[in-house]
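Okay, got some structures for you below.
Next come two complexes, and both contain chain A; in the first it sits with chain B, in the second with chain C.
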Partner chain A sequence: MLAILPQLLYTGVGIGAVYAIASLGFVLLIRAADVVNFAQGQFSMLGAYIMLVLLVGVGVPYWAAFLLAVVLMAGFGVLFAGAVYWPLRHRSQLTVIISTIGASILLPNAVLAIYGPSPATVPGLFASQGFRLGSVFVDSQYLSIIVIAILMVVLQYVVFEKTLLGKKLQATSQDKEMAAMLGISVAGMVLFTFAYSAALGALAGVLVAPVLFVSVGMGATLALKAFAANIIGGYGSIPGAILGGLIIGLAETLGAAYISTPYKDAFGFVILLIVLLARPRGLFGELIAEKA
Partner chain B sequence: MTGINRRAMLLGTAAALAAPAIIARAAETIRIGVVSPETGAAAESGQYMRNGINLALDAINEKGGVLGRKLEIVVADDQTTNPGAVLAFSRLASDHSIVAFIGSIRSTQVQAMAPGVLKTAKPMMIGGTDPKLTHQGNRWLFRCRPNDTYSAKTIAAYGVQTLGRKKIAMIASTDAFGTGGREALTSELKALGITPALTLGYANQQADFTPEVLQIRSANPDLITSYFTYETDLGVFAKQLRQLGVRTTWLGSPSIVDTAALELAGPALYGTYGVADYAVNASPTSKAYAAAYEKRFGKVPDNQSSWAYDATNVLAIALANAKSTAPEAIRTAILGIQGYKGAEGTYDFDQNGDGLHGYSVVQNQNGKINFIKYVEFPKPS
Partner chain C sequence: MDGATAPPAAMLAKLPAARWWRGMPGTVLGLIGACVIAALAPGQGYYLNIIMQAVTYAIGVAGLVVVLGYCGQISLTQAGFLGIGAYVLALLTTQLGVPFLAATLAAMLICGLFGLLLGFASLRLGGHYLAMVTISFQVILTLVLTNWVGLSGGPDGVSGIPRPAGFASAHAYLGLCLVLLVLVMFYAWRLKLSRLGRAMQAVRDNEIAAGTCGIHVFRTKVVAFGISAMLGGLGGALFAGAFSYVSPDQFTFDESVVMLTMALLGGVRSPFGALLGTFALVILPEWLRFLKQAYLAVYGGAVILIMIFVPEGVWGWAAQRFGRGARPIGEWPVPPLPLLSMRGENSGENALEVADLAMHFGGVKALDGVSFAVRRGSVHALIGPNGSGKTTFLNVISGLYRATSGTVRLGGTTLDRLPPHERTRRGMTRTYQNIRVFRGLSVLENVMIGAERPGNDVHKPADVMARALAALDFVGLRREASQPVGSLPYGHQRYVEIARALAGSPEVLLLDEPAAGLNSTEKQELGLLLRRLKGHGLTILVIEHDMKLIEAVADHITVLNFGKCIANSTPREVLRHPDVIAAYLGEPQPA
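== the complex of A and B ==
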């Protein structure tokens, strides 16, 4: 059974990277607007459908469809903020959460009504399905996902830590009133975060679509794992989201292979429970702790 | 003010005049309640199901309907969930003008509705293939697909006796359908003296099947058997199976020849065998059904629509034979249907309410489903 370990590790990291990208979008909204967005997975679903429609329906070239889906979803993120978050921004966090839950029901059903229920396929980034490296089949799509996930983490780090925009975003997330007094446009920062977070969700969606197919239910499959990744890594922590995603991907894959396939989904959540018991703030702590 | 009053009065008069007409029209149609997945994970099959029903319904109504009345369906969405199914059914059950129901193709949802159907005491045609559904004392469930005792019997007979395979791996969903199939197949294989080399369960809606595929590869079986519930799961599994270099013969439950699965998995399913309750070339009736369906909907039909088509026709025949819409009369008439040639096969209802007792074996040859043979089993007495 050890012979299959390299393959399991590869796939585990691949699927973990998908959770990680989806989880990044979650984390950003928590940091910037203190919003737990239950519709985050639906951003992935919408992104995948936009790409599908552009590619198959309109006939746009592959890369253009890929990028357009991400860009259009950034725009959708602003609309989403305006409809789901903005009117309720002065209410309690719970009100906003319920509003996002509402959106997470509305969006897949809207797609269902418009597009119909048939799941569909989109091709991967590369024509080749992959190649063999020793005993490991390197799936080209998982490879793309891993590489793009690394790029996104670097980009995120640079934007947040090295640019003025990033500093403004951080200031807004830490103390909105203080940020406003310093002349930062809080509304602008929050809207930007929604746009960026929706784009990240869409990115996860268009990347995973060739593996998972484009279906109305795909958002829900991703969202729960992305959310768990976020809790494992530390509520609102960016490196935590990445690490949490990878941990869940690996736990599922290894647990299913060596312990039990029916309980595959449970392994990620067992780790979630252990982390909550041992380190209630997650592996990378919680923002509140930094502020205190 | 007077103008408004006069208009209101006119409207009221019009409504009063129209009301008896509406009531009379309603009395003309025979209403059938349909519980189908319009939203949720299986929304796709809901669309196919309605296609099948409408195809049968329009043909029946064109010929003047049944008992001199047109048939009409009332659809309620089960959301592809068990609570959704229960809710949808109770909504239909409270409508007393409905004389019979067409329920779900999904065993777990039929199971959820079963107590309600028993209480309502009106016939429900079902497509779920968990054998238990018609064997737990519920006299109002009538199945228009062969149950999984027969799919398991057919998989075991064809895999072991015809193909001569001995080392068998099995992968099945952990839901009611998959578990029922796994249990039935295990016992049929046991009857042939074979214990599966590997049995794997998976929870529905997986993003990745690498661990399952690698376990199958390590076990090195000479036949893979499967009970997949959702096409997306089947598609992901099929693709990864081929990518990880497994070329073993695969003989699956009907979902393997499902239209959606063929579209999603493409070449990954070439060469696989499936047992199918509906196969285009199984009989002249199934061929005629395929032609009519393709003409109207532009797609080759699969079992998601054919069972519902048959269910509608069986109900219409039963209503005509019963010469009444009384539940008990319809029930007796359904059980009396023998030798009716439907799209799925020849209906010989047994006392449990099972209409069909055999499966076709088919093979996917470069995306085309070719009929190999029909395996019929004796009807239980």
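== the complex of A and C ==
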């Protein structure tokens, strides 16, 4: 049993990296727009379907389909913001949350009505399946996922902490009124965040598509992992989201191998409950406290 | 005024809150209607199934009214609770031969326990935590019901579920379900008017203000979720008896979504709205059959459109459009506010003592060792330039922030480490600079929540209402009592907040910039109100920028600058203090 542990760790980190990317987009919306987006996972599902259609239906080359799916989803993020968030921006957070829940029901069922329930497969980024490194088979898709996840984290850190755009985004997230008075286009910042967040979601979707199947239900599954990653890592915390994603990826890979395969999706939830009961603010604490 | 001579009991008997039978005539009518419908319904077949499903679902959806409509917490596993209730009943009756009634109670109890567990884990924090945790729970539940074949029978489910003795026929069983539905409606409707229901709505509208009104926010949310889970369990148990068969696919996340849509469409803040929504969405799909797979997409789209265009749901919209509107509260005389007694005035005793209080946010010392005392019966003003730490100070002593170090004592009891509601229980009430009223409630209900402060001397509903009316009399808003608080102009909302704080008969009243945003006439009125309170001997700590107001009412002034006390004395001396002049006007020029 222990002999497969290194392999499981590799796979767990690989799938965890997908969850980390998905939850990164989720955290960004919380931080910049104060929106808890329950439809975040659907961005991944739509991204994967767009790639599938471009690849199989239109016959676009793989890399173009991959990038186009991400770019198109950024545009979709703006549409999404306009339909689901913008009309409700002055109402309570509860209203916006319910609206995004509505979207999380609408999107997969719309895709279901068009494509039907049968899952599809897409090939991986590289023709080679991977290579052997000692006892571990280094799957090329998981390796790409891990590398891209690291790049995205670095990019996000640089953008948020080192650029004027990042400063403006942070200012908007902390105090919209004050940001507007400083001449920051709040609407622009919020729309940008939706676009970026949808693109990140799509990226997670197209990366995971070759590993899992492209299916209508994949969005909900990814969303659940993203929520749990967020709460485990600490609500609204970027390092927390990444660490939380990795923890869930590892927990379910190890749990499925050593404990029970049918209950694979339950392990993350159990960790979630334990964290909530023992350390409700998560590993990195909640950054956003309501001002009295 | 002859009211002053009438005995209080007779005065109070006429108040709406004294009518213990409220809603009962309607309930009796509902019960008669239930029997008629049960007798007239078809005894078998498709339409009977539709009605059975609508009735049992409606009981579960009433649970959503409590948790989401009243308390503002999103539960996405109501079908999960129906499932637990249905399976508990199915397994207890078929495997262990437990009688139907006992099994139903067990179903409700077990659902309640699951509700407490999930609520306990997730409700300490914001509402979206419950939503996330309940989605996960829903998914896991379906996994367990499908895979734990030894317990649940797996995908095949459980069949042969009996009905209670004497209710085996469709008419009798439907009658039983309908009667229970009417009772659940009555319960949910009365809950809204009760102290617990008001607390839930206060938590929904403003958690921070609810806490400083003395409401145990976390417990209130857990109780609301527990009630909703139990109603789900009841609906599920009746569902199992109705169809004598349960399987995992009847209680999936999709069904939870359908139930959420039912509640939102009809109007989640009213049990009748939720009932309407449930019946509409059980019957409607029969006409929407052509949608086939896409019906959930339509539901999802409908949720977004409802949130944008009719967030109050069909029932709420109709009530606003065609309702009689708020009926004015009558001119009943009520006993005056007792907080204005002269107890302890000029005793020289300290009502509130603050010693060495510090509050650091990272490296920023918002409060840096503040010490002073507020004498009983005095009006104590806390002033200082912007950013000097005044509001932080108020938030620390009311328990919203936890002090880095230092001590706060109220009438000799130490408050350190107590949460806001415990501090309020010990006699501290407050208002906010950026008004925090409960927007979904009427003016009177807002003030009643203040009167329901734990530790206050009124308990019976009629007494609470009388006290609230007295507080409204005091601030001159009696005529607006039954209006929604959001319809009042800004200045009046501020008075509602003050009335809410007064109705709790506090030992110490904390006012956070009461004059902010008021025009000059309103400021003058406020000055008069504060003088009246002062004249009645109430202990007040007020933060204010308006020096005219301060000079008119304050006995004592403490000046904060950069988190430190720079002066602490009578108004006359403080306003001549060179440090104070320097803090407000910059460094004095050398002569």
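We take it that the second predicted complex is superposed on the first by the 283 of 292 C-alpha atoms of A that agree within 3 Å, B and C clash if a C-alpha of one lies under 4 Å from a C-alpha of the other, contacts with A are read in each partner's own complex, and residues count from 1 in each chain.
Operating definition for what follows: a contact is a pair of C-beta atoms (placed from the backbone, for glycine too) under 8 Å apart; a residue touches a chain by one contact, two chains touch by 3 or more.
The structure displayed is predicted, hence computed values, not measured ones.
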Combined model on chain A: chain C and chain B, fit or clash: clash
Touching partner for A:109 - first (chain B), second (chain C), both, neither: both
Contacts of A:91 with chain B and chain C, given as first, second, both or neither: second
Touching partner for A:175 - first (chain B), second (chain C), both, neither: neither
Chain B versus chain C as contact partner of A:265, first or second or both or neither: both
Partner chain(s) touched by A:161 [first = chain B, second = chain C, both, neither]: neither
First, second, both or neither for A:277, with chain B first and chain C second: second
Clash with chain C, by chain B stretch, listed 171-179, 189-197 or 261-269: 171-179
Residues of chain A that lie at the interface with chain B and also at the interface with chain C: 109, 112, 220, 262-263, 265
Touch list for chain C against partner chain A, complex: 72, 74, 76, 120-122, 124-129, 131-133, 135-137, 139-140, 143-144, 147, 207-208, 253, 257, 260, 264, 292-297, 299-304, 306-308, 311, 391, 395, 400-401, 432
Chain A to chain B touching residues, read off their complex: 1, 3-4, 7-8, 11, 15, 18, 109, 112, 116-121, 129-130, 137, 139, 208, 211-213, 215-217, 220-222, 225, 252-254, 256-257, 261-265
Residues of chain A defined as touching chain C within the complex: 36, 38, 83-84, 87-88, 91, 93-99, 101-107, 109-110, 112-113, 220, 224, 227-228, 230-231, 235, 262-263, 265-266, 268-269, 272-273, 276-277, 280-281, 286, 290, 292
In the complex, chain B residues that touch chain A: 39-44, 46-47, 174, 200-203, 205-208, 210-212, 214-215, 217-218, 231-232, 235-236, 243-245, 260, 263-264, 266
